[in-house]
Each structure stands twice: as C-alpha cells, then as structure tokens.
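In the two complexes below, chain A is the common chain; its partner is chain B in one and chain C in the other.
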Partner chain A sequence: MTEDTIETMSPDTGEQPGQPEGSVGTAYLAMIGFPVGAHRWYLRHATAGIIYVVTFALLALARFVFRERVETGFAPIWTVAVILVAVQLLLDAQAIPRWVRQRDRSVPLPAPLLLLLGALATIILLPLLLDGLGAVLSTLFGGNTRVGRQVGTVIITLVGVPAVLVGYIVLMEHTTWHFTEVWQRRVRPWLWLAPALLFLYTFLVYPTYGTIRRSLYDQAGTSFIGLDNYEWFFNSPETLTALRNNVLWLVVFTALTVIGGLIVATLFDRVRYESFAKTIVFVPMAISFVAASVVWRFMYVWNFPPSPQTGTINAIIVALGGEPIDFVRAPGLNNFALIVVAAWVWVGFCMVILSAGIKSIDRELMEAARVDGATEWQVFRRIMLPLLAPTLAVVTTTMLIFALKTFDIVYAMTSGNFDTNVIALEMWNQFSFNQYGRASAVAVVLLAAIIPVMAYNIRQFRRQEEIR
Partner chain B sequence: MDLSKHGLRRFWRLLALISVLALLVAACGGNGGGTTTTAGGTTTSGATDTTEPGSSTTTGEGEEIGGVVTVIGTWGGAEEEAFLAMVAPFEERTGVDVQYTGTRDINTVLSAGVQSGILPDVAGLPGPGQMAEWARQGALIDLKTVLDYETYVAETSPAFVELGTVDDQLVGVFIKSAIKGLIWYNPNVWTGGDLDSWDEVVAAAEAHEGADAGWCIGLESGAASGWPGTDWIEDFVIRQSGPEVYDAWYQGQHPWTSPEIRQAFEAYGEAVANSFGGSQYALATAFGDAAQPMFTDPPGCLFHHQASFMAGEFFPNYPSSPQPGEDFDFFIMPTINPDFQGALTGAGDLFGMFHDTPQARALMQWLVTAEAQQIWVDRGGAISGNTMVTEYPDPVSQKSAEALATSEVFRFDASDLMPEAMNSAFWQAVLDYTQNPGQLDAILQRLDEVQADAYGG
Partner chain C sequence: MTTATDMAGSSRRTILSRWPLHLVIAIILILWIVPTIGTLVNSFRSETAIRFEGWWTAFNPPLEFTLENYRHVLTRQGMGDSFINSLILTIPATIIPIAVASFAAYAFAWMKFPFRNTLFVIVVGLLVVPLQMTFVPLQILFRDSGLAGSFLAVWLAHTGFGLPFALFLLRNYMGSLPGAVFESAAIDGASEMTAFFRLALPMSVPAIASLAIFQFLWVWNDLLVALIFLGPNIPNHPMTVKLASLVNSLGGEWHFLTAAAFIQMALPVLVFLFLQRYFASGLLAGAVKG
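Coming up: the complex of A and B.
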C-alpha cells in the first residue's frame, strides 16, 4: 500500500494528490492494526457493536459527502479502513448473543475502538479542520489564505501531535490492563515501541529499500536492468576519479584530524591555558562546511601575479619571496587543499573526544612510570596510547565515515572540477542529470562502504561504555 | 552543589521542552506544507480563493483577483530587483502577491520538485533541454490555453516561439534574452572600431597593440564554471560549420571528435594562448570580472568575448565605472565562413507554469507583454523577448536588440539545449582543455562517450 501512495505522487496534472494525509493515515492504521488483532476479548460487548455500526454508517456517509476529496489520495486507506471495520463488525455480531446472556457491563469503553475512531476521525477531519481554521485565520491575516492555512496547520499540529501521542500511550496502557500479567509484560514493550518502529520504518528502512530497488532500474525507473548502474559506476572515469579521491580523503583527512587532535589534546593537557587553547581549536566546529569553504576560498585566492595577492596564504608566500600558487586548481595539490579545510573544521572534535579519553586515564599509572624513570615519550607511547586505543578507534572510525560522506567542501570550493570529485558529489551530479538509477547506485555503494565502519564504530563505542 | 544540580536539572527540562517544540514545528512544517497545498488545489472553501481553478479561461489584466503566486527563479541581486520591479505594477493592479525565491541551484530544486510534486506555481526554467524533459513528463502546463497565443506569436521572434514549444505545446516563454558572441572592446584602447571579418580580429588580437594580450577570458562561475568557454566554442561552430552541424551537434547526432568540433576547440585554444594571464587567469577569474584588465592602465587585453548582459550587470560595477559607448563598445563576432553569413547565438530566460491557478495565469499573461518587459529593459542589460519593445536605454543595448532583430540565422546556446549530463561534461571539458591543451584528443573522446550515454534516456 505504501507503494501505491508513492505512485500517486507523480504530478500528472500538476496538482498534488493527498500524499501527506495518506502517510498520516497509514501511520494511524499501522498503530491500530496490532491492538485490533490482539484484542478480541473486547468485542464481546454490545456497546462496541452499536458504536461500530454507527461508525460504519458515518464513514459511508462521509465517503459519500466528501467523495471528490476522498477518491484521489485516500482510496487505499479507505479500503483498509472499511475492511477493518467490517471485520470488527463480524466479530461483534458473534459476540452480541454472549453479551446478552452474561450482562457484563463492568468493562469501560473499548480502548482500541476509541483509537480507531480517533484515527479515522482525524483522517477525515484533518483537511476539513485545516480548511476551516485556515479560512477563519486568513481573514485575520488580511485575506492571505496561504498564511492563514499555514498558521492553522501549526496550531492543529501543535495541539494534535501531542494529543495523539499522549492519547496513544494512555490508550495502550488502558488496553494492557485487561491482559494477564504475563501477557502485559510481553505486549507492553511492543506497544510502546510501535510508533518508534513505525518512524524507523518510514524514514530509514523504506527509503533504503527504495534506493536499492531504484538502483536496479533504468533512468526512467520503469524497466529492470540488473546491475548495469553498478557496472557504470565501476567503469566511468568520473566515478573512478571520485573513488580515488575518496580514498585520498579516507587516508589523509583521517590522519590529519586524528593525529592533529591527539597532538593538541596531549600537548595542551594540564597546561595553564588549556581551556583557552582548546576553545580556539574547537571554534571552527561551530562553522558550517559551506561557510568554512567560503572562508578558505578567500585564504586560497590566487591573483594573476602582477596584481597583489589578496589571498592570505599566497600573500604570505609572496612576502617570503615565493611564487603564488592557485591552490584550488593546481592538479594534485588541490585535493590536499580541500582536505586541509575539512581537517581544520574537524580537528577540534577529535581533540575534545581524545582529551576526555586522556583525562579518564588514571594519573597514578603515569606517575608510577615516571618514578620508575620512563621518559615522557615512553609514558606517551607505552602507557597513554594503549589506554587510549578504544577512544582512538571510535574517533578514527567517526572520521572515516565523515571522509566517505564528504560533499559540502568539494561542492562549495571546486564543484568537483579539476579532478577533485568525490562519491557523494557524484551522487548529487547524477541526481541533477535526472539519472536517479545511477544516483541510487552511487548511494548504495556509499552505504555499503560506510556500514562496516559504522558497525565497528558502534561496537567499539559500546565496549568503551561497558568499561566505564 | 545542590543548588547547581537543581539548576542543571531545570536546564535539561527546559532543553527537552524546547527540542520537543522544535520537533513539533519541524513536523508540522513538513506535513502542513503538503497538506495545505492539497487543500488549496481541490477545494473552494478558502476565504478569498473562491475562483475554481481552471474554470476561468482568461483573466483580464486589470481584474482584482488577490491571492498569491509563488515564483522560483535564478535571479539574485540586481536581477532580482529588476524582476520585482517588473511585477510591481502587476501586483498593484491585480492585488496578487508575487512571492519570489531566487536560487542558484534551480535545476536541482525543480528536478526534485517534479519528482515530489512540491513545485512553485511559476518558475524560471534552467534551459530548453530541461524544459523539454519536464514537458514530456507532463509537469508543465500548456501556455496556449493561458496566453492569447496569436498575439504571443505575432509579438515574439519565431526562434523563441519554437524554442518554447515541445510536442506542439507552448510550455516556455522568454522574459528576456541576451545575444552571445559579442566582442567587447575599450574604444580608448582599440581604436579600429568594428571589424567585419574574423581574420582581422585574429590579426588585431595577435598584434594586441597597446595591450598586454589579445583577449580577456574568465571561466569561473561556481558550479557552472566553464560555461563562458562553451559559448566561445558554440560561436565558432555556428560560424565555421553552419546551423546544420550546430543543430546535429547539440541534438547528439554529430560527434565531438569530428573535425568541425575539434576545429572550434582549437580556435578557442588559440584565444586562450593569446589571453591575459593565460589559462591560469582564465580558470581562476570569475566570468564577470574577467574583462577588468581591459580598463586598467596599461590595458591588459584588447578584446573580451561575452554576451550582451555584460553592459548591464558587470561593466557598470567595475572600479573605473566605464560608460557605455565611451569606455566600452562591442561588435558582433564576425562571419568566419562566408556560407553562413550573419549567424548569431543567444540565450534567454525561460518561464514556465507548474500550477494552473488564476494568479499564475494572470502573472504569465503580464510577463509576456511589451509593457512588462520594457521595465526590465529600461534597467539596462536585457533584450526583450517581445519584438514590440523597441526603446532601449543606451546605445549598446540598442545595438544588441537590432542585431537580434536582423539576424539571419539565430540559434539558442547549444550547451543549454543539451541534456544536463552533456552540458555538465562540456563545461568540464572546457576547463580541462584550458588547463591541459595537449589532451584535446582524450577530452573529445570522453565527450563522445558522454554523448552516447546522455541522449539515450
């Protein structure tokens, strides 16, 4: 069903079908799916039966009244909703005779039913509420419909989202009261997890699956072409250059940041102006990559020699009697020039983490070594480094991931020209060439390259946490 | 100690609250945006938006309709101001609020929009090639039903009408245009006036009397770096080999390794070799700043090859603030092969419509009028796409407009007509060739490979 809703997104008419409501509705239905199935116990009550009948009638009526609006975007959700209600009605019909005999009215209004009603009402009412409130508000905003609607959306979401979440939790708890204690313990974690799992699915699992699937299809996305997009990836000169540069980034960027961070963290450890010095190294972290690129473009500026060098670095070179260099374009050198910018930003991060690692090392160990006559270098090499190894592993893998993901700096400084292309930028390029299949293939390769590093990183991080 | 702990806890609580609020706002922003558009597209319950979309075929320009029209374009700075000035009378007359957003990344923004359905009502299109792709996907609205088509055809040069038409649907109109292949010079340095043969230009550039070099070239343009070089090559192709080769070439049916295209690259390479600062200057200098040495003392170069927009957008901002006619003037790049007399290349800013709303219709109807385009023209640097606009503010613009009106063979910028992948490879090839002139064979070979690939889908 999710795929159906995606399909309806293609803007054939220039209008947008009801995709957003579609996904909200899907979310609600997925939320209620479980309790509906697991909770037949409730369906013995006639009150429930009556309410179901009324709901069903209301739904039918609503569908009739809002036909035009409902047909386009809602069709799949409506189908599922109607099937669900029908199933419940059947179950109720079975339960009613039993209820008549037992006359058991002590149980409160069924919780899953409330949720179902709430979800369906929201699906139906959300656009209406938005429209109505938007219309009212737009008069307040001098007839600006768009602003009115947006404010309306904000208000409804601010009230509605917390209400739905809190309502979900309350109702789930309410539901679980009726289970035996063993079942409560089994079911509760899943009920609480369900929304999170749903988000995880919507924003992580499904897009990943979609990307992998798309990477096996042609440019138009209509015919299956197997691994052709991957074959292109490993044969095209652009991507091979990008791969080569990414390897360069992996090695040089990681080395610069980790070693640089380690040096700074060690040298400034327990120095009088430690925090001040560290702050200076850390400050570039606060700058976005694009801003850093702009700053460094000015640093690297090259002017045709008779005119004065306005770039900081070339000005220094010329002052020292050298020849100015066009860092961003000089073949071979420019990749390093870009890596330096990234390292400048990230070295502060490595420093902070490594510094924390150093501080957690037991001082007495080092003191003992010094007393035993070890030189400072021996203390560093034989005691600090081994104890710092887990932290170093985490920092290194984190930097490896950043090196693989590099995009902003290359895009902002050279746009991948002059042999500075990287994989992430190539993905972006293919996307802008409408080559979604190839772009997806690049994304999958990137993902495949990152996953092992990531897995190692997480394991290492956990191990470190355990030690603490 | 206790107190600070308490304070810390409160801080965390506050932080949690703020992040929850931020999340909510983000959530409603994402969700709400789409929701409202859906509601707007299909209902009539809005307070002011009472006209059923599509029901009105024509909306008179003077009619008060109110509402909003969203526009995305590439213009920023002075160009954005010019566009806003252009729509100001429209907003006043109709009460429609034109919400303009400028982006350099228009291709990505609109490509993503066509996929996701989140699009502006009206947008500047990156080029005819991309426009054709979107038109075939059905994303663009046929303007034949929006504009008074006969009037539009009567007032627009046939080349522009043809360029905006895909599969018999008019999907793009020109807001303004520029002619390319102008040779700019400083009359105080180059006193020989206009030249009518390419050989004379080459001879003058070779001699570069009174200047350091023959040409000033600048290729830097951010993500689009290299395009000024593609203009050079296109101007050579059409003048050396004619419109037939030119058309086949941009349509992907004429190989890059052919003698015609190679010859054009080589001619461009000669200009680079005879340019101020050589290839290093060309690669590192922004296209708009490239001609600055023309106005220095002693002058750095004699000629600068660039489109008509230099007069309006760049020369006036140079440090010496050169004046049109006195400090800078131009002649059209002369004919090379006499068989293709009077061939001219140019470009223009295309506009298309994604959503059929009364406001968008009214805006499109306004933008194509001579009255609207005159506003931009008066600000300098632009040539109208509407032939009824005949008054230009300065002699340079006047001369450009006349050249456009009288040109015998007019072709749109070839790289803009190529598929995006080809265009991008062309830009890159120009940079590579400028940096390593010896690698021409490999560069053209690579372009042939891209050509075989890019036109397929």
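Coming up: the complex of A and C.
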C-alpha cells in the first residue's frame, strides 16, 4: 500500500480535502459506536462477536487499500453490517419469548432486542444527534454552521471515544468469556493493549520506517536514488548553516537552561517566598513559543538610530550610552537572542525538577558540613552537586532533545533568515516545497542525532526497573 | 510568648543580613516578568504610541490606554474563529490519548505477558522520536484517506504522538500503586475489569489530571503539528498558526500582534496557575523516573 500511495502522490499540496467534517465523523463514530450498543449481546455469542469485529476491520482496511472516499466506503460497510445483523436477528429471535417469560431480569437481554437498540442508536440516532446538535450549536454560534457542526462533532467524540474504548474492553472480556482461565490470561493483555499499540504503530512506528525509506527516493517518490538526499544535506550551505546552528543550540541552550535552572532553584530554596518566586519563573512554560516570540520582540526591537529606541534592551543600552543593536538580524548574535527566548521559557522546567531534587537531599548532611566549617560553595560543590547528578542528567537529556527539535521560535521570529536556520525548520521548508525525499532525509538526520539520547534514556530506564 | 518574639526578631535579623540574596532573587524575578509586562502594557496602547515610544512611557501622564487592538484582532483578523478552532483541536486531542493509554498502562503495570518489558522499552524509545520522522508518511496517509486538513487528522496525530508519554506516566503511576490492593481484589473474585475501573482508575486520578494538563498545554501551544496537517486548510487554523502568520504578514503592525498573543496565552496561563501543583507533580513523575 505504501508503495502506490507514494507513487500516486500528486506534487500539489494545495489541494483541499473536498468533504465536510461531519460525514467523516459520522462514518467513523457509527462504525465504532455500533459494537458498544450491542456489546452485551456478545456475552453468549462470542463467535458472532469475533466475526463482526473482524469483518469491520477488513472492511476498514479495504477502504484504505482501495483509497475510496469515506462516503463511498460507507455504503458497503453498512450493507455487510445490515446483512450480518439480519442473519443474527433471525438466528436469535427464538430467545425473546424465553427472556419475556423469565422473571430474573439480570439475565442479559437477548440479542435481537439489543441489536435493534444498538443499530437504532448508531444508524439513526448518531447522525441525527450530530446534525441536530450541529444545528442547535450553529444557531448558538450566530449561524456559523461550520463551527456549530464541528463543536457537535467534538462533543460526540468526547463522549463517544471513551465509550467506544470501554465498550471495546467489555466486548473483549465477554468475547473471551468461555475461554479457559489460562487462555484468558494469555489473550487479555494483548486485547487491552491493542488500541494503544495500533496508535503507536500507525502514527509513530510505521511512519518512521516510511520516512527512512522515503529518504532514499527522489522528490516524486518513484525512483530510488540512494544517498543523494543525504549528499544534498551535507553539501548545501543552507543546511550546513542549520546544522551549525543546531550545535550552537545544543551547547548554549542546554548550558543556559540547566545552569540557570540550578542557580535559580538553589537561590529560591533559601527564601520563604519560594513558591511565589518559582511560579513567576515557571509560568512561561504555559506560554506557546509563538506567543513568547511576540513577547520578546518588544525586548529586541531596534529602531534606526535617530528615532528613539522602543525595545526594552536597546533603550537600556542607549541610556547607558551604548549603540543600539538589531538583535534579530545581527549576524552571530541573533542566534543567541533566539536561544535566550527559549531559555526564558524552559528554565522554569529545569528549576522545578532540580528543586525537587534539592528538596530530597538530606538537610542534616549539609548542616553537618556547615558545622564542620564548610563554606556555602563547598556545601554546594561537594554535597549538593554530586547528589543532584542523576537529576541533572535527566534535565540535561531533556534539554538536549529540545535543542535538537527546536522549531517554533525560529519559525516565528526569523523564519530561518539571517543565518538562524535550524534542522527542524529546514525539514518544514523542504516539506512545504513538496521535496518529500529531502524532507525525509532531514528528519532522519534529526533522528540520528537523537538516537544517543534515546539509548541513554533506555539504559537509565532499565536501571530504574531493576531497582523497582 | 518570649520565644515567639525572639524567633520573629531573629528571622527579621536574618532577612536583613541576607539582603544580597533577596536582591539577586528580586533581580531574577524582574528579569523574568519584564518581557511579559512590557508586551501586556503595549497591547493596550495605540499604534502610534507603540511605534514611537517604549512601553515604559505609558505610565507618564496623560494615561492613554485603549482596547482597540483586542477589538480589532477578535473581530477582523479571525482570531475569534481560531480560538474556537484551538478548543476544537485541543479538547479531543487531550481526552482521546488518555482514554487509549489508561487501559494499556494498566496492562503494562499489572498483567503478565511475554515481551512486556521489551514493548515498554520501545515505548520509552518512542518518547523521544522527533515528530518530523512521521510527517511525510502521515501526510500521504491522511491525503489518501480524505482526512488531510481535517480536525480528525490532527486529533489522531496528537493521540499517536502523545501516547508514549501518557503510557509512560500512567504505567509508572499505576505500577507504584500498592500491589496488595489488587491481590486482595483478585482473591475476592474481582475481574480485571473491576480492578481497573474500581481500583486502578480512581487511584490514578492525580496522574491522569497532570497528564491532562500536560497534553492540553502541549496541543494548545503546538504550532508544528497544526502547521503540517492542517496546512492549506485556513478556516481550520488554530491560534498558534494564526499568530505565526500574523507575525509574518503584519510586520510593522505589531499592535495587533500583542493583543493576539495575549488572547492565545490567556487560557493556558490560567489553567497553569490554577493547576500548577498537578502539572509540577506530573513533570516530576515523568522526568525523574525516566
């Protein structure tokens, strides 16, 4: 499937998806919502349940393979579903009189009734609910049909997805009802893991493989060109600048945030208004990098000298008798200006984690050292720092990864101009030029840079697990 | 009584004697807050004022503040729509991964099966895989399935991207719950489902709360994923993408930018301030253990 999708890919990204959100949502929700309505029925009909689920999975797969639109894919799915339902209804209709005669209502409702309810709920109620809710919300949003329908979809998704998941688990538990205990124990974990593994595979594992593969193909994805995309990456001045800047980010950003966080955490640890001070430094974590870029633009503004400096930093420089600097454009300096913005956001993160590390150090240890005549610096250097080493390692690796992936700030502040380009931004550039081969190669370079950190993380994790 | 006054006196003395420390902290705090304050002040000023005078002059009489920037951004630049788009994107993209992860996290924490550790090590590895690795194949997948540019595509993508961390955090948290509780439940004949819904899930509420805040902030503030998967579908753009395009298109017209940035910041900062405790505990559970 991957092969043809890559091959038939049109070079034009400007193509708009030609279908309304609502129908997609309805189709998907109806498809998965149905088993929930009918789940109790499978208590006694494990085989039918399995057939049902497998059929739906196959149909969904077929839809992807044949690349049909959701609308058209919708019809055959429902035709088969209705046939399935009808057959089961006929087979099971005999159970109704028995259930009616029975006094004990804890016995599960017979299949036909439940099925009917489930089918009604999904086939009729759900689209109706979606349309009705959409209409009501549209009027609420001042006749904005698009937003109204979408908010409706959101509400149904919010209720639907957890319900479907719970339904899925319940369904699976009932489907394995008549298995022996041993087999139940063998099968159950995989059934519980399946949704998450499916997501991980579809959205992380399979794309990673696809990207590595794609990086060896040309722009259209049709012919294998070996390492040409990598040759381009390591030979064009633009990407080499990006690479150099990322090294700068790796060193300077990591140093700034980790050392800054350590200093701030140590200082704040000694005062009573610690939590207030920490909040102030921590709050930028909640601000998006785009907003942070806007905020910092007013620190960095540079006006052509005769006019007064409206940027905070330049105003201070001028007040002290210096020459104003154009921070965003000044070659060499502008990278540091961008890194400072990122550090302003992330020092809070380092501070919180290091602060918790400091709190976990035994106070008596430090007191004892002080009594023995150690200076504050010695206490910090000989006691705190060694005990903080594991925490520092965690913080440092996190910052390294962030420095490698940095994108938003550069995108918003300079768009990579004035020699501030970074790898992640170069990937976006190639992606938006439809240079999918080159974009993939850039992504692979990024992954390769991250792999040592990944290996370190896994080793640390293994060690932690041994202690557990 | 005397000891209390003594203590108060001594603490006053230490505060006085430690003034350099307090001074340094005060400087740090001022450095941290000045950029935001400056922009906030500017967002209430007129275009000419922003252009020709620094924000600090705004407090010189006569005081002239205006809401014009906010009104303009909300009505004419389509920020109002993109605010709703951000909500539409963020809420399902927060709930779905948590729902998906909680079952799997329980399985990882309390069920025994072959390859359990290997699988979880893969999850730990996936934690740091750069999202860039997924963009090209996912974009093709979404285009072929007719989902390109739709909210559903972004929800699904964020679910996939958020899952490793969600699994990691929840599995560690659920794994640290007392095993005796689950053992005695099993002895009393409780099924795995009962143990999950009645014990594991309610006991994991703190972890789920911090995870929810995390994912919310991450999706709300995300620029890259929205940029890639919503791409040319402009009506669906969330605030971050809108804001970034304003930065590029307006250039000189910064007075709108300031207001737009503050509208974008308002919700996450509020969420953050009120739920900071959960956020910090989530950070610690996620980072220190890894």
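In this section, the second predicted complex is superposed on the first by the 289 of 468 C-alpha atoms of A that agree within 3 Å, B and C clash if a C-alpha of one lies under 4 Å from a C-alpha of the other, contacts with A are read in each partner's own complex, and residues count from 1 in each chain.
Following the convention adopted for this analysis, contacts are C-beta pairs under 8 Å (C-beta built on N, C-alpha and C of every residue); 3 or more make two chains touch, one makes a residue touch a chain.
Keep in mind that this is a model prediction, so the values were computed, not measured.
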item	value
Which superposed partner A:277 touches (first chain B, second chain C, both, neither)	second
Which of chain B and chain C A:433 touches, first, second, both or neither	first
Touching partner for A:207 - first (chain B), second (chain C), both, neither	second
Partner chain(s) touched by A:234 [first = chain B, second = chain C, both, neither]	neither
Residue contacts with chain A in the superposition, chain B compared against chain C	C
First (chain B), second (chain C), both or neither touched by A:195	second
Contacts of A:331 with chain B and chain C, given as first, second, both or neither	first
Chain B versus chain C as contact partner of A:153, first or second or both or neither	both
Chain B versus chain C as contact partner of A:311, first or second or both or neither	second
Touched partner set for A:297, first chain B, second chain C, both or neither	second
Doubly contacted chain A residues - partners chain C and chain B	9, 13-19, 21, 24, 69, 146, 150, 153-154, 157-158, 161-162, 411, 415, 428, 431, 436
Contacting residues of chain C [partner chain A, same complex]	18, 21-22, 24-25, 28-29, 32-36, 38-39, 42, 50-56, 81, 84, 87-88, 91-92, 95-97, 99-101, 103-104, 106-108, 111-113, 116-117, 119, 121, 123-141, 143-152, 155-157, 159-161, 163-164, 167, 175, 191-193, 217, 220-224, 227-228, 231-233, 235, 240, 243-244, 247-248, 254, 257-258, 260-262, 264-265, 268-269, 271-273, 276, 280, 283-284, 287-290
Contact footprint of chain B on chain A as seen in their complex	9-21, 24, 68-69, 72-73, 126-127, 130-132, 134-136, 138-139, 143-146, 148-150, 152-154, 156-158, 161-162, 218-220, 237, 302-304, 326, 328-329, 331, 411, 415, 417-418, 428-429, 431-436
Residues on chain B engaged by chain A in the complex (per definition of touch)	24-25, 27-28, 31-43, 45-49, 66-68, 97, 107-108, 111-112, 114-119, 133, 138-139, 141, 222-223, 225-226, 276-277, 280-281, 283-285, 354-356, 419-421, 424, 428, 431, 435, 446, 454, 456-457
